[in-house]
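Order of writing sets the labels: A, B, C and D. Residues in every chain begin at 1.
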Amino acid sequence: MTASGTFGYGREMAEMVDLNRLGALVVKTLQLEARPGNPSPRICETPAGMINSIGLPGAGIEHFLAEDLPFLRRYETPVILSVAGCRVEEYEALVRRADECEGIAAIELNISCPNVKQGGLAFSVDPAATAGVVSACRAATRKPLIAKLTPNVTSIAAIARAAEDAGADAIAAINTILAMAINVRTRRPRIATNVGGLSGPAIRPVAVRMVWEIASAVRIPVIGMGGIMNAEDALEFILAGATAVAVGTATFRDPAAALGVIDGLEAFLREQGIARIRELVGAVEVWR
Amino acid sequence: MGDRVAACAQCWNLPVVANRSPGGRYRELVLRAPELAARMRPGQFVNVRCAEGLDPFLRRPFSVYRMDRAGGTFSLLYDVVGRGTGMMARWEPGDAADVLAPLGNWFAVPDGGGPLALVAGGVGVVPLVALAEAVAPTGRPLHALLGARTADLLLGEADFRGLGATVDVSTDDGSRDHHGPVHSLLQALLDRGDRFDVVYACGPRAMMAAVSRVAEGAGLPCFVSMEAGMACGFGVCMGCAWRVRADEVKYRLVCTDGPIFDAREILWDMA
Amino acid sequence: MTASGTFGYGREMAEMVDLNRLGALVVKTLQLEARPGNPSPRICETPAGMINSIGLPGAGIEHFLAEDLPFLRRYETPVILSVAGCRVEEYEALVRRADECEGIAAIELNISCPNVKQGGLAFSVDPAATAGVVSACRAATRKPLIAKLTPNVTSIAAIARAAEDAGADAIAAINTILAMAINVRTRRPRIATNVGGLSGPAIRPVAVRMVWEIASAVRIPVIGMGGIMNAEDALEFILAGATAVAVGTATFRDPAAALGVIDGLEAFLREQGIARIRELVGAVEVWR
Amino acid sequence: MGDRVAACAQCWNLPVVANRSPGGRYRELVLRAPELAARMRPGQFVNVRCAEGLDPFLRRPFSVYRMDRAGGTFSLLYDVVGRGTGMMARWEPGDAADVLAPLGNWFAVPDGGGPLALVAGGVGVVPLVALAEAVAPTGRPLHALLGARTADLLLGEADFRGLGATVDVSTDDGSRDHHGPVHSLLQALLDRGDRFDVVYACGPRAMMAAVSRVAEGAGLPCFVSMEAGMACGFGVCMGCAWRVRADEVKYRLVCTDGPIFDAREILWDMA
């Protein structure tokens, strides 16, 4: 799978990457209305990672449904919509709208974006707020609902359980970790919103830990992400309990990173004589 | 979204043919890539992976400098300013470079035979040399205006002369020719009656802003090659946004909507 | 300064590094009794960082006071004791014991170690528990008390305020971030306790953000740490609001890293014509 | 705490003299370092920074292989198994290596003139060659027992022969000489009546465990060179702890209490 916000709306990637080979394509998070996004600079590099504060720019869900979805439907790959709003009602409206559309396999609730002023992060730092969004959306659709969680919490397991109890069909984790970098000569934060979200290999060990905690706490599937560069990284998440994995920041360095992960996983299964990757899900042998 | 531009980009593993220093901190990296040399256009850029490991993590963008279609090579001219370019500086013939290319749009050259002004500040000369190289065979008059802090840092003069361009030089410290910023040199030429069909500019932001103001004052179209921090280079991270002139807040992506922009579009006073 | 647990008890480093040049030396966290520490493997490498689960091995405070402190007192560098226990009473006893000793400039309460079964992390994930330890220790000493906080929380500013209100004289941040890495061939976690603490440059952007949040929330000084490799890294923390900085994991790669930071800071001040580093504390110019 | 051992360690910037392959995936890195060549002892190790950037982050430990005091160089022999050693494999004469040294304790050689058994598995031969090099001038009989999975992977035979040692070889697949694990070769020699003052062993953990059991059975002192994941190499991170035989849970540090241990101290069945 691709991680939301790192693969555009698929279109941008179509001539570089065979979209049909992807397990699923999660599009950049959509909102009800068009948004310009945050001021620049929006990104900066950090050791083995990067900080971003993009701020969910986009032309809005109607534009996507009219212009981009028809293009994606030419491919066989399941399309997962990612949506965000400032209030519960906006999430609900987005989900209701998506529910009507064919060619959308599932809906991911981005309740963990650190880079928008209202909403976003505010929901998934709190179990009750998480449950509120998820249950409202649950009532608005029969499509599978994925709750995407933030790592910026004391106990992600508690949030995941709240999402599960409120009717989420899966958990996606993790979104980015709040971070800051400062240009010591200009004394300015390197990101125009001062704080942004850290992603890339640097955060992988934190993401694997959180996926393990979530998988130990819920029964619904977990979609693991955070710094996956190759098949071995993906396997860490799978062993920790992820049923699926998503590639994000790696795509920026190598547009075909997601396909590389798929190829690598197949090679690993062959090498180890494992019939189905399911056998590896949660198969970590913890020390006691 | 500019996907038509980045469309055919891909990762190439390119043999290093040479990595020589034309002086100062600068280096020219020549890469063997017959297909790219045939296909890339002046103003486009490539995204280079500098590190073997995960640090530095992101690729580094560089404009295309010279293209040798016959020889099947193209080159980059880069300033060794930090860790990524520091690693590149140690590459040797026989090494291979992981390069994502071609990226971005390219310079539009309007029909007609009138002279073109190419105004460069420092290493900003790179895409303008590429432009001169593409235009020179048509015989259209080219006038290069090269600015530098001091004469030692001047770059590209020999390139432009070799391509038959008229060259004028300005230095901030007066160590050569026109004393003052390069936009004042452009103004001086216009004042003495030089006429251009288009002004092309590349260099530090303040320099491009000043040049575009001079061009606007003279009623000349002006195209600039912009720089922004980039994560991907092909339009999906939305990290390279540049705010443009519009009634509402509006951004364009330097990597796929640019790097070449009509100067009238750009909001220069962005912090 | 040196970060606790990365410079031993000073003695190990004395012939490699001129201890007199350090701003302060924070020793490896001490407990009341001798402890063997955690089973091995205790460490593993990650992108631009490492995970550790050492588990506070050591011969106990009495051994330190008898054997190591006299050695350190031969140097001029202030010695800061780091202490940890399982219960509030143990912290109190440790602080009371240290209070009697000359040659101890301050006491750091490690209420954030992720690698001990009880205590440790449990305290500093909760404002009330943090306040409980700090106020008990406050009553037990007049020496400066530093509360060392964990980043594994939703709001570190709230915890820092609780420590300040309970009488802490300074905040140290951050300790390591909970993390996990899995060997995909053996399917075993790379650390024998399964989960350990992530440190090194990978976490620096998270640490800078947290120091900025803390410095914006409290009036007492903040000691910043997390991935500092050189003077520029240290300056990020100082600009974000740290009055002092500590070097941890960097010492493993370069034993003299802390001295390199000091030299680099001096060179930077000279270059920029800044008279005193205080002028830079919290001097980040945030975007609005 | 072993601080007496690591005491004089420091970071050195050492010119690469050679980086050649003696066969297979192995490489010998020769470094110019007159002071270290004069000072280091067999069994000690060095900690090498492999990456220019921050990834891989930690140094990589390697035992000292050959020391040429006269020539002012010493060398490492390493197996290219991962990213760090992969980077090292590309170093060339003229490059410089950032090396933290000397680290760890060294082999103790008891007084007396009796023969010493040096039992090596794979690349574990390295510190034993260093030991043979140091002992050979005394004329004391050395008997090297070299184990490998298959004959092609055999390492160090020429070194030992050049130092005048008796060499016996065992291969797991029987492709050369004794067929079986190297501890069974040691057992066979003891059974036929060979006598040794001390057994020294280095190789995979299971191999060292087996050798030390054979030595213990024969009542011989046995010293082993241990490996553990290391962050610092000088005793402050406490990451390289190895559990030792004791009534309570007790660990020792491989980097400063070792890497050479009396085999009787080691708890082999640690996971």
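Observations on the structure shown:
In the analysis below, a residue touches a chain if its C-beta (ideal position, glycine included) is under 8 Å from a C-beta of that chain, and two chains touch if they have at least 3 such contacts.
Keep in mind that this is a model prediction, so the values were computed, not measured.
Chains that touch both chain B and chain D are the following: A, C.
Between chain B and chain C, the least number of touching-chain steps is 1.
A count of contacting C-beta pairs for A-B and for A-D identifies A-B as the more extensively joined pair. Separation between the centroids of chain C and chain D, computed from CA atoms only, is 36 Å.
Here the spacing of chain A and chain D, counted between their Cα centres, is 47 Å. If you average the CA atoms of chain A and of chain C, the two centres end up 33 Å from each other. Within chain A, residues 39, 46-49, 192, 200-201, 287 each touch two or more of the remaining chains. Counting partner chains per residue, chain B shows two or more touched chains at residues 54-56, 271. If each chain is drawn as a node and touching chains are joined, the picture has every node linked to every other. Within the complex formed with chain C, the chain A residues making contact are 39, 46-49, 51, 125, 152-154, 177-182, 184, 186-189, 192-195, 198, 200-206, 208-209, 212, 227, 232, 235-236, 239-240, 268, 283-287. The touching residues of chain D, when paired with chain B in their complex, are 51-56, 83, 87. Residues of chain A that touch chain D in their complex: 47-48, 201, 287. Against chain A, the residues of chain B that register as touching in their complex are 1, 3, 6-11, 49, 54-59, 100, 228-243, 248-251, 256, 270-271. Note for the complex: chain B touches chain C at residues 54-55, 271.
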